[in-house]
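Below are two complexes that have subunit A in common, paired first with subunit B and then with subunit C.
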Partner chain A sequence: MYTSRFDYLYVAPALLVMLIVIAYPVYYTIELSFYKTPASLSLADKTFTGLDNYSTVLTSAIFWKVTWQTIIWTVLSTLFSFLLGLGAALALHRAFIGRALLRGLLLIPWVVSAVAASYVWKWLYHSDFGAIGALLNAVGLTKGPVNFIDNSTTSLYALIVVNVWKEFSFAMIMLMAGLQTVPESLLRAAQVDGASAWQRFWHVTMPQLQGVSTVTVLLLVVQNFNSFIIPFIMTGGGPVGSTQIWITHIYELAFLRQNWGVGAAYAVLLFLIMMVLGYFYVRALTRGDDKRAGA
Partner chain B sequence: MTNSEGRVQRSGSATRRHIAKFALAAMATTSLISTSVYAQAVDLSKWSPEYVKSIAGTKDFDAAKDCGAVVPNDYAGNVSYWYTGPFEADPQIAHDQDKAFWDAFHAAYPNIKTDVQSITYNELLDKFRTALLGNSAPMVIRLQILGGVEFAAKGYLNPVKPEDYGFTAADFWPGALKSVTYDNTLYGLPTNNETMAFIWNAKVFKDAGLDPEAAPKTWDDVVAYSKQIHDKLGISGYGLVAKQNAGNTPFRFMPQLWAYGGGSLDETAASPTYKSVEINNAGSKAALQAAYQMYAVDKSVPVSALTNTQAENQAPFIAGQLGMMIAHPAEYAKMLDLASKATGADKATADAVVENMRYGLMPTGPDGKRAVVFGGSNIHVVKPEFVDGGKVDEQAVRALICMWDSPEWSTRLAWVGSNPGNINGFLTTSMKQRLDTIKFLDVTTSMLPNGIPFPVLPESPEIMNIVVPDMLQNALTGNMTVDQATEDAAKKIETIIAGGGGGI
Partner chain C sequence: MTAVTESAVRRRSVDWWRWSGRLFLVLLLGFTVMPMIWMIITSLKTGFAAMQYPPQWWPAEPTLDNYTRLLDPSGRIGQDFLHYFWNSLWVSTITTILAVVVAVPAAYAFSRFRFPGRNFLFFAVLLRNMFPAVVFLVPLFILMKALGLVNTHGSLILTYLTFGLPLAIWLLKGFYDNIPIQLEQAARIDGATRFQAFIFVVMPLSTPGIIATSIYSFIGAWNEYIYAYTFLTKQSQMTLPVGIQRFFSENATDWPGLMAATFIMSVPVVVLFLVLQKYFVRALTEGAVKH
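The block that comes next holds the complex of A and B.
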């Protein structure tokens, strides 16, 4: 609520920086999305084409193929990261010897640089000399090279495994924090009433985790929609475009093909989706604020 | 009122105009004199490893004196320059030569102030693009061989004449000049040029029953050798590279495509128009069929070729698990480096591979055509309106380019991984020292006359780094037949050169 004109002065520097580094690039991207920008012309000579770039994107078969791959990538990455994170959080919630060490170890994937992790996994998966393939051969499960990322059928799923490995720790931390807020008295009461472990988890713990779970899932979805490093480094979008997702496709169009206008239109579509997700994220974060303010 | 640069004319401009006229006349005179500074002494028709060795060290040049005939050594001015200089990972000799050049330049032109930035290869293009949009670019920039075409097409670069800098067109490789000519206009000068060559492991060849001292003569031989190595030894024969969105892929596949008589456009022609699409001609199809044969039928190349860049081929090569591959002149030094880092049994294997490493000429196509991608860098002059301060000191720019591209410095500044852009550099003592100390340099250097630059179009990176790898992957994975893959690539290239943009 407005209290003093000086309040605006205090936030002005931050607002100014945000205008320059966030608002202007967003504005410029939206503006660029209405122009044709051939590689042979400088951006100063771009030509206005209205909604042509949006039409080009939305009527392209490649766009819909990439969209489907983006959905698979985002949904599976989010789902398995959340489930694995939840399992790890529940396991680490109970006291046992070595819990702190295990918690530290499980955090490693999250703190490792995505670039380094991508290269390490690329070698683990390597179709000729990969450790995973060698292990599978050694235990007799396969014969000869195992083709994870050089195969257009399996490559996207192989990359999803890497992504889940990289980000499940994030879900784990969030949910561990959420578990701290579950009242012990409720769990004890349920136990006294004869509830099984599963019933206590499903009817007591999970409802208490609803808020943090919503925020975690939304953050994971946003992160996965924008996940660039793993697919770009490990496969460059291939083989035959099988690991191309929106963000890597936008990068290819804008920076590798210098098709800035179409890339910008594509980016605006992604931005709109992010805005919708952002709305739900803020709503999830501020749920109950009005009630508390009223009280 | 504005002058020709669109800037407000200041008082006293009439006097300046007279001075400018006088300066222009003086420059024209000196340029006429300077065209004879480097008389052509290299016979390109005799080019071979033996010829390269025979001419090295036969002539010395005095860059400061020669350039003094182009721009007086007492000229006072300033020049700003961006380039990719030596960085931490580069050998000490590259740092030493770079420092020696700037010391020599300041000694030759003590009154020219320099504002020099060394920017990494990966950052240079983006930084330059940004600077141009803000009219804060340097006066001179050195870019990788096709880096300049985008800026020439967009009107950022000044046309140049070799004579203005004390050279003639004959001082440079024809292929190098072709790579810096856009819309029939020369917009830069080659500073250094290199071509790749073919390397193989002689022990692997011997163990597979092949002649250990002879490179495969033709690309059909490569297919056959690769199969023989794989079938007999169970390792990959040829280091095929076919990653999407990767520059390594066209550098290794296009020589094969050209040798078979193919092309993306008509880049192999003496005077290419870049209008006719040739990616779907019989030669291109034969080359793709050969790659398909190795990957999908014989399975004699790495399965990981679809995600491999050249870096991923180095480890199996040094481990003796790969028979042959196309490689940069600096590959031998890289292998030495890898061997030096190996330990235990790996060290013995790596040392044996280095010992058995051989360099040869690229294989030919069925008709005896040999081709390789022409690599290197060019130096460009930016138009004044895009330069920081709005002015280009033309005399200082000439002095810098004359010195940088002189036979001596063009050789010394390309010491480690390239060759002099100025052909006369091959005559210098420095070149002889390089040949004496850099193993296989004579072989990689002798590939230069077979060099073909990628199409000199702003869309070239898109065609080479995306369309060509896409075509390879479509065929190798069986997603399309060879015919379908080449026709699909042809359609994409047609759309791209028609200005339609690709990828969507």
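The block that comes next holds the complex of A and C.
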């Protein structure tokens, strides 16, 4: 390895851009969270209020409802994306004709924009002319029009389906790559020793996939926690706040109600949660790195 | 004798697994493509045909009217739509070029050099990915105002560049890690400067990585919605994801038109992705799996 004073030059352009566009907003958000700022965002008129914004957040009636919905949204989206992705990765592991095509098709939802996906699913869920409701009626599961997203008991779950549709193939592609690192010889040895297919999967394949799985799950959790487009476009957080999650709620507080301080306080709390997740993420990523560096 | 029975049992259990795998794939494929097929079918209907119950599962009188309307430069709708399309293309292309230019040296440095603070910097790069766009909206909007960039494509390019860089650097680093350092050392022994070794030895070998990073940046910029929605209020500057929304929710939603618009919007990224799939997939998984 060589070192020189000029090494920093390679990183300097990237750092400079990020310093302006990342460090400043982070600082600004933290500052905003301790002040009461007028709707016009004129910073000269702001007044210091200490932790008032934070206590407003934590004591507001909607806080726990939104938090609970965020947890449901994040956990279910991550769980089902991971399981579908794992199933697809296992089923696609063995070579067969058309595998690349199939993989490509399965990845399309992940590539298209969330905006397009939201509109398409909104149309599928349409309470009068939606294809899904009509299909359920046709097979006799329901009678009459079905309300998926205009109904506060089903709306959150209907959006989770869209989210899983959009991102399961991300888990699939990560786990497919992970599967390639499972040594064939281990599986064969287990087979010779009489392990059943399930035992081979559970005791040989899964432990080998642990590293990739951890990274995948963490990335999914972060992404789901930060989702915005699907709930924003499909329901705007409604009906009666049933699809409001942290991010859409922050957006509403800040941009629709000009409640800048409270929105910023939420954002800072979100930073802290992300920091904790980030710690685990980095640890999962570097576990191998340390080993390599030590060798 | 026992050996035969045992292998027969194993055979059957393997088959059972394989068949359930196939069934699962078929169901999953249905779940994946049905919405896209319905989007296309709807886009071929007239507004009247789309608003029927029960729906026409296949359009009685398929028509390309929705597409010709969107792509006709002489009509008002076509004019606006093509304008949004062009804006998206412009912003995404410039973002991609700049992202590669900035990320290549940074990724190379992260892969090769051990400078103080290198780890800290790299994790700062990665952690950036974890913070949601909404948090950055207000301060960035003010920053863009201060820089005089509101309602310009510059605001989007600068933002996409920053938020695309961490991932771009990460992807490229994976590729540089795989290029043996001995190749550069050999070039330097032969009298090349480090810069020459970088340009003539490392760069050509990292082309797949650069392609992958470019697709990633392009798709990311093409699909971005939140910043475009906040920074641009002028119709003439809007990109597709924001533009199509303005179009169709003014009065009653024209669903077939909207489906045609989402189809056209999806075509460039899907085609790009399918053609260059192998680079894309390799780059994405490189970093996560190698450790």
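We adopt the following convention: the second predicted complex is superposed on the first by the 286 of 295 C-alpha atoms of A that agree within 3 Å, B and C clash if a C-alpha of one lies under 4 Å from a C-alpha of the other, contacts with A are read in each partner's own complex, and residues count from 1 in each chain.
Going forward, a residue touches a chain if its C-beta (ideal position, glycine included) is under 8 Å from a C-beta of that chain, and two chains touch if they have at least 3 such contacts.
Being a predicted model, the structure only gives us computed values, none of them experimental.
Student: Mind checking the superposed model to see whether subunit B and subunit C fit together on subunit A or clash?
Tutor: They clash.
Student: Thinking of the overlay built on chain A, is A:Leu92 touched by subunit B (first), by subunit C (second), by both, or by neither?
Tutor: It touches subunit C, and subunit B stays clear.
Student: Contact-wise, after the overlay, does A:Trp165 reach subunit B, subunit C, both or neither (first, second, both, neither)?
Tutor: Touch status of A:Trp165: second partner only.
Student: Is subunit A touched at more residues by subunit B or by subunit C?
Tutor: Tallying touched residues of subunit A, the top partner is C.
Student: Determine, under the contact definition given at the top, whether A:Gln258 touches first (subunit B), second (subunit C), both, or neither.
Tutor: After superposing on A, A:Gln258 lies in contact with subunit B but is clear of subunit C.
Student: In the superposed arrangement, does A:Leu107 touch subunit B (first), subunit C (second), both or neither?
Tutor: In the superposition, A:Leu107 touches subunit C alone.
Student: So, does A:Asp128 touch the first partner subunit B, the second partner subunit C, both, or neither?
Tutor: Both partners, subunit B and subunit C.
Student: May I ask you to decide whether A:Phe63 touches subunit B, subunit C, both, or neither, giving the answer as first, second, both or neither?
Tutor: first
Student: Which residues of subunit A are in contact with subunit B in one complex and with subunit C in the other?
Tutor: In subunit A, residues 41, 126, 128-129, 145 are touched by subunit B and also by subunit C.
Student: Which residues of subunit B touch subunit A in their complex?
Tutor: Residues 132-133, 150, 153-156, 236, 243-246, 302-307, 312, 315-316, 321, 457-459, 461-462, 465-466, 469-470, 473-474, 476-477, 479, 499, 501-504.
Student: Quick check on the complex: what are the subunit C residues that touch subunit A?
Tutor: Its residues touching subunit A are 6, 10, 13-14, 17-18, 21-22, 24-25, 28-29, 31-33, 35-36, 38-39, 42, 50-55, 102-103, 105-106, 108-110, 112-115, 121, 123-140, 142-143, 158-159, 161-163, 165-166, 169, 194, 219, 222-223, 225-226, 230, 241, 244-245, 255, 258-259, 262, 265-266, 269-270, 273-274, 277, 281, 284-285, 287-291.
Student: Which part of subunit A faces subunit C closely enough to touch in the complex?
Tutor: The contact residues of subunit A facing subunit C are 1-3, 7-11, 13-15, 17-18, 20-22, 24-26, 28-29, 32, 41, 84, 87-88, 90-92, 94, 100, 102-109, 111-117, 119-121, 123-124, 126, 128-129, 131, 134, 137-138, 145, 165, 169, 173-174, 176-178, 180-181, 191, 194, 196-197, 211-212, 215-216, 222, 225-226, 228-229, 233, 247, 250-251, 254-255, 260, 263-264, 267, 270-271, 274-275, 277-278, 281-282, 285-289, 292.
Student: Which of the residues in subunit A come into contact with subunit B in the complex?
Tutor: Listed in rising order, the residues of subunit A that touch subunit B are 38-43, 45, 56-57, 60, 62-63, 122, 126-129, 145, 147, 149-152, 232, 234-241, 249, 252-253, 256-259, 262, 266.
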